[in-house]
Amino acid sequence: MSAATAQRSTIVERLTKSWLYIGLIGIGVVSFVRIITDTDDLTGAGTIRAAIIATCPILAAALGGLWAERAGVVNIGLEGQMILGTWGAAFFTYHYGPWVGILGAALLGLVGGLLHAIATVTFGVDHIVSGVAINLIGAGAATYLAEAVFPEYEGGGPRQLNGLEAPAQVTIPGVSDLANTISDQHWFFVSDVASVIQALTTNISTLSLLIFALVIISALVLWRTSFGLRLRSCGENPQAAETLGVNVYLYKYVAVLISGALAGIGGGFLALVASSGFSTGQTGGRGYIGLAAMIFGNWRPGGLLAGALTFGYTDSLRLRDTQSVHSLLLLVAIGLLMFAAWRACRKQVKGALVVAAAGALVMAWFLLTDSVPREFTVMTPYVTTMFVLALGSQRLRMPAADGKSYRRGSAG
Amino acid sequence: GCGGSDSKGGGGDKPAAGDDVCKTADGDGPKIGLAYDVGGRGDRSFNDSAYAGLEKAVGEFDATCIEGEATDGEAESAREDRLRNMAENGATAIVGVGFAYSESVNAVAPDFPEVNFAVIDGFDPDDQANENVAYLGFAEQEGSFLVGVAAAEKSKSGTIGFVGGVNNELIQKFEAGYTAGAKAAKPDIKVEVAYIQESDLKGFGDPAGGKAAAAGEFDKGADVVYHAAGGSGSGVFDAAVEAGEGNWAIGVDSDQYLTATAEQKPFILTSMLKRVDVATYDFAKSVDAGKPLTSFVTYDLKQDGVGYSTANKTAIDGLTTTIDDYKAKIIAGDIKVPTKP
Amino acid sequence: MNGRLKSVGLALLAPAIAIVLSILVTTLVIAAVGSSPGEFWSTMFEVPKPRLRVDIVNQTAMIYIAAVAAAIGFRMGLFNIGLEGQYTIASFSAATFAGAAYLGGFANVAASLVVAMVVGAAWAGIAGVLRATRGVSEVISTIMLNAIAVTLVGYFLNNYGVKEGNSVHTKNLPSGTTLGGWSPFEDRDGDIWALAIVAVLVGVGFWALLNKTRFGFDLRASGQSESAALASGINPKRMIVISMMLSGAVAGLIWMPALFGGARNYGTSFQVGLGFLGIAVALLGRNRPIGMLFGALLFAFLSVKSNDLTFGTDVSPSIVQITQGVAVLAVVVTYEVVRRWRTRLEQRAVSRELTATTGATA
Amino acid sequence: MSVPSEVDAVQLRGIGKRFPGVVANHDVDVTIRPGTVHALIGENGAGKSTLMKILYGVQRPDDGTITIEGKQVVLKSPTEAIEAGVGMVFQHFMLADNLTVLENMVLGAEKLHGIGDGARTEIRRISERFGFDLDPDVLVEKLGVAARQRLEIAKVLYRGARIIILDEPTAVLVPQEVDALFENLRELKAAGNSVLFISHKLDEVLAIADDITVMRRGTTVGTADPATATKHELAELMVGSELPSPETEESTVTDTVQLSLSDVTLTDEFGRNLLTDLSLTIRRGEVLGIAGVEGNGQAELVETIMGMRIPTSGRIMLGDQDVTHWHTRQLREAGIGYIPEDRHRHGLLLDAPLWENRILGHQTRPPSSKGMWINRKGARKDTERIVADYDVRAPGIDTPSRALSGGNQQKLIVGREMSGDPVLLIASHPTRGVDVGAQAAIWDHIKRARRNGLAVLLVSADLDELIGLSDTIQVILRGRFVGTFDPSSVTPQDLGTAMTGGAA
């Protein structure tokens, strides 16, 4: 028994360690690039803060995707549920303040999730069909309800509702100041870490913290509780789960409802934290991006966090400073070359060569130019996502019964 | 002011679904048709400004009116249909709000020679002159020049910012005028420029993007940021609020001080006014007078077609003389404002 | 004979229930916010004016082409969510090519259609190749490609387009190249675009390809079971690339009727969103040629008629989007319900047979 | 026969179950005595699995009553069956590959020992008690078939089941594994459990069962006493005909080499060898049998020959053509028939009608197609032929293949692959899960084709079938050939030893 415990803790240790190493190496490389290219904005606390804000809605949507797909339901309706969330946040915040507003966002997202659950679980409808329909309904309903309700409100109009109160922000006084001092020194590595700490401890929205916490909570619930085990079993092999007495319908329902609520919270974040109001179309496809981040992250909490961060970071970087996108080229080049080296170590010669060639190309681009055309900076997050997937996608593994419709009594 | 109103005032003349002049007007003057761009009446910007002009015209000329509104991603034929509907319903002066109506007005106008059309920000899509169409353009660069002066004068840090919604021809005019104005006032001023999108129109509806872009500029030391980003602008105001006292934002199109939230108001230095209301009213007036405007009409400083707002008195008061100096010089032709950055 | 009548009746039952359901939901939503559903429906059900009838036909054609493009992917088990990007970039390329007037008259039209198809195919092909060689989910890559396409087109337009007032567009088509169309009513009511015929061709082609050709069989087989397709000698990677490209090629045609029918250039009159509508219609029509035709007609009718709402009623046209979404959902749900109900009927029939002739089995 | 004082473990009375178009069960009566192994036999589609699913609460009966240990019960879900003490191991494994042994085990029974170390201990206990050799922290996808089988039984025991249903547990096991399983079953019996056991292998049934119930066409047609009954009598009861034998009469091997592999090696993406230096030849009229424990490279070998994988090195010749780099379609067009191991994954389009399934794999050849067009009429006519010749029991050729029972699906595939006179047949487990009647038919078809010069590569887990049909047997272990045997002298036990790495 003690042997078992020991074995388990080494697994956990290994996981944590590998994440830690990857994180540290990542920060080291970014720091190196920052110093070489002299673009302090690359890891400025402001950039990190913006990246966190850009990440949160995508992260919430991605988590929503995770919950649904771990239970075997593909939720392409995240976008629609997110849109409903923006409306819910606006409506409830206007009347009852920001925390009820977040609940309202979750509630409206949950309604979208309920619709999806009824269609896919009870009626066994194709998940994509239902998701597409929910995206239509979500967008239509939010626009329609906004036009019907918001013009009467102070600060409102048919397509917007401004001046919503934001959830509180927190600052950890001592840490924040110290981190600020260190990050201003622009030391290698240390200042970069300090920037991250500063961004996390200075005026950070409680809703951001909540969303990050939800990543950890989701990971724990899904992988460390019997509830999570049952839920995941519905995504891996619902027939097997049924033969063991798991109420598959129930778990799928719960998962899809949570999924919708999380997407709704992502929408709420857009309306309350990323800006201070509702406006039609403000999700701008972030639900889809969330879905992409989840696949990018291999249907795992840690991975989807990385995916959402990649997207949020590059998107906010290009918005804040087009010049820094040029430095990003060096970052990408180094990243590719490191990946190539890793592959070479694993004796995947052909793959290593391809990656190395790509890395050399990007490096040449970096060395031969001194800016990236503006238009291309807009594409950065999209191209980066495709690039990373093209290089690493072969290992992705989705839940075995993901997207398959399941009927009670079909076991055996 | 034009377009919208002070929301603190308890909704006195706030445009809401209920109190619409077109529902109540029953005079025997001309019938005016107003075809809104996406967003429609109540958008606290462009469309509301046009509505304000309409309201004024209806009152003055004892007119009646009819409205229609565009939806996202609608077909060209839907815009045409909207205009035809108005003409068939007896409108004699029809205004398309936004350059997207240029093509449809061009297609519809020949079928209704007795009706007069106008397109705000419009252009003639072909080389055949339409007798009954007016293209009402604005010298946005001139208005932007003035707020550029204001920004440079107000700035303590020596850095100011600009946030555009979409990097296209139109928005570049704003950027060009703004930069020129700032440099005229303070030649060594630094202008940070950001666009939310390069070509995707969703850049006008992304407050989160506007906030991130503006926050980046504030972080780089800018203390005044001007936006030409439509609905994304509220995010720019939020960024100014977060940057704290001593930082400013400048609004666009309508006097956004009036429609901003209580929290944002103190941070709004001024707004570049694009007097869509004036153009709409002018056009209605010309039709009523039997001398309808046709062809290209540019509303510039001289005609009070563009300008700047002084609604936030405490903030702008000390600057108005300087700004008005430049204004006079532009009107006199001493300063030529560029339209390209 | 009676049985056949019954099965036709059952087949029609599902769409009928779905329509009733969508009407019901829409009515409830309208009533819930305090508007008048009666006004709404009387406006929507009013016989459309002649020019709207023309518009409905034109819109139906474009939506239908989009639906077929989506259906090609779906039948192969691929979700081409990138129609939007594909037809954007294809329309831009074709308009640019046509505007350059390398060729005159109909040759220019034909060549431009080829350009549209090739560009659409190439853009979709990127996703196809990534999926086939690297296993990248086409759902993500096409979402990314959508964003990239819009930016790329904007880049070319801003740098090389014709500037006019505040707008930018591609060069106008040379005068001999605009096709106009067929005007069933008065002139001012507009034309049914000549290239609306493309929709018919695409529909017939889709049907024949799927049901009559070896390629279509391979495509359906791959969609039903990739492993069985592989074992039967189909090269699934090749099928992925080909069907993605085929889907993209058809997507390239989506906006062509409008380009040659009236728009004359790629600019402000370019209609966005047809790709997403096409996906919804493909699903509504269950990827069947006829089903999608009805779906496209319904969607076109709803969006064209919704323009009338701003005049006669205080109901916002965005309600139509809800109706469309509910229709999609209602159709698939009722199909499923009717299917289950039929199964139960059959079961009952079997047990009746059993009691009649004990011991007999099917 | 039964001890009167003891309460019967299970009594099924008058059970009926109808599916659309099919009566799966009617008037079924079965009685299981406590502490016995009860065998249920019957042809494909006789309704055995359906009956078991009813007993396990997966499906609800339309008629009839279930009595467990003297108490009449209504089972609405497996949960209730588990509570009543019933456990079931399904014909197709019910395991989630991407979860660990522990996770699969505790799923649904988390309350018993938690999902952590408590459960781990209990699993180790059960594993040791019955010799299951299960490591709780291994992913199920890493397990071989036999280990999965043991895991399934362990799952049932973990829940404290007293009545254990095993649906065709031996179909995929080699003799040694079967012996081990039977050892486990005897232990279970000794511990007071009752076992319900379904099999098509009659000697196994006679070896282990205490009672036998025979089903035919959805109903119970009789019982037999294993102490006195013979295989022939059982077959007679099941299908009403003689017991078939795979035995071939005389050699038909010719001198013409049809297929030869020389030093074929296949590596996976990580550079590990799946197949190592395999060489073989098959002549016209020869059947080459491949014996091996599942997962030792048989599937990879077959897929390599079929062009679904390209060998890393080595050469494959078909006749005198080098086909090493040919695609599946070219190979099929060159006259290779292919009966895949997993008919659902590789053999059929389950939702397509039978006649479309006739086309699958033959898309480019008449009568399925003409040029680039599908020949609907030709395909339909040929499907009618296969249905008649191979006795495929189906309502019609427009029925989706999903609606057919496993045996009938298999007959359709065999019929399809034998059409167009192939020169080489690659057959993986051609009679797996097929009842004795159909088995005989399939064997006859293979034998007849062999007489006409067909070369056959036969992979099978059924060693009697291998020994009966083959002219030569090769044993494969970890991707290498480890021994060649002459079927006329080898015994299943010898083969089993070689397959598990004993002296070759």
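We just call them A, B, C and D in the order they show up, numbering each chain from 1.
Note that in this section a contact is a pair of C-beta atoms (placed from the backbone, for glycine too) under 8 Å apart; a residue touches a chain by one contact, two chains touch by 3 or more.
Predicted model only: the values in this text are computed from it and were never measured.
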item	value
Both-way neighbours, i.e. chains that touch chain C and touch chain A	B, D
Between chain A and chain D, centroid-to-centroid distance (C-alpha), Å	44
Centre-to-centre distance between chain C and chain B (centres being mean Cα positions), rounded to whole Å	37
Between chain D and chain B, distance of the C-alpha-averaged centres to the nearest whole Å	75
Contacts with two or more other chains, residues of chain B listed in rising order	17, 72, 167, 197-200
Contacts with 2+ other chains: residues of chain A	158, 285, 375, 378, 394
Residues of chain D touching at least two other chains	none
All touching chain pairs, where touch follows the definition stated at the start	A-B, A-C, A-D, B-C, C-D
Of all residues in chain C, those that touch chain D in their complex	211-218, 220-221, 224-225, 227-228, 230-235, 343, 346-347, 350-351, 354, 359, 361-362
Of chain B, residues touching chain A in the complex	7-8, 11, 15-17, 39-44, 72, 167, 194-200, 202, 205-213, 215-217, 219-220, 231, 234-235, 238, 242, 260-264
Touching residues on chain C, where the partner in the complex is chain B	51-52, 55, 58-59, 147, 150-151, 153-155, 157-158, 163-168, 172, 188, 190, 258, 262-263, 267-269, 271-273, 303-304, 306-308, 310-311, 314, 317-318
Complex contact set, residues of chain D against chain A	49, 52-53, 56, 58-60, 77-79, 82, 88, 90-92, 94-99, 103-104, 106-110, 114-115, 117, 120-121, 136-137, 155, 167, 269-271
In the complex with chain B, residue positions of chain A that touch it	41, 44, 46-47, 49-50, 53-54, 57, 151-152, 154-155, 157-160, 162-163, 203, 270, 274-277, 279-282, 284-285, 316, 319-322, 374-375, 377-378
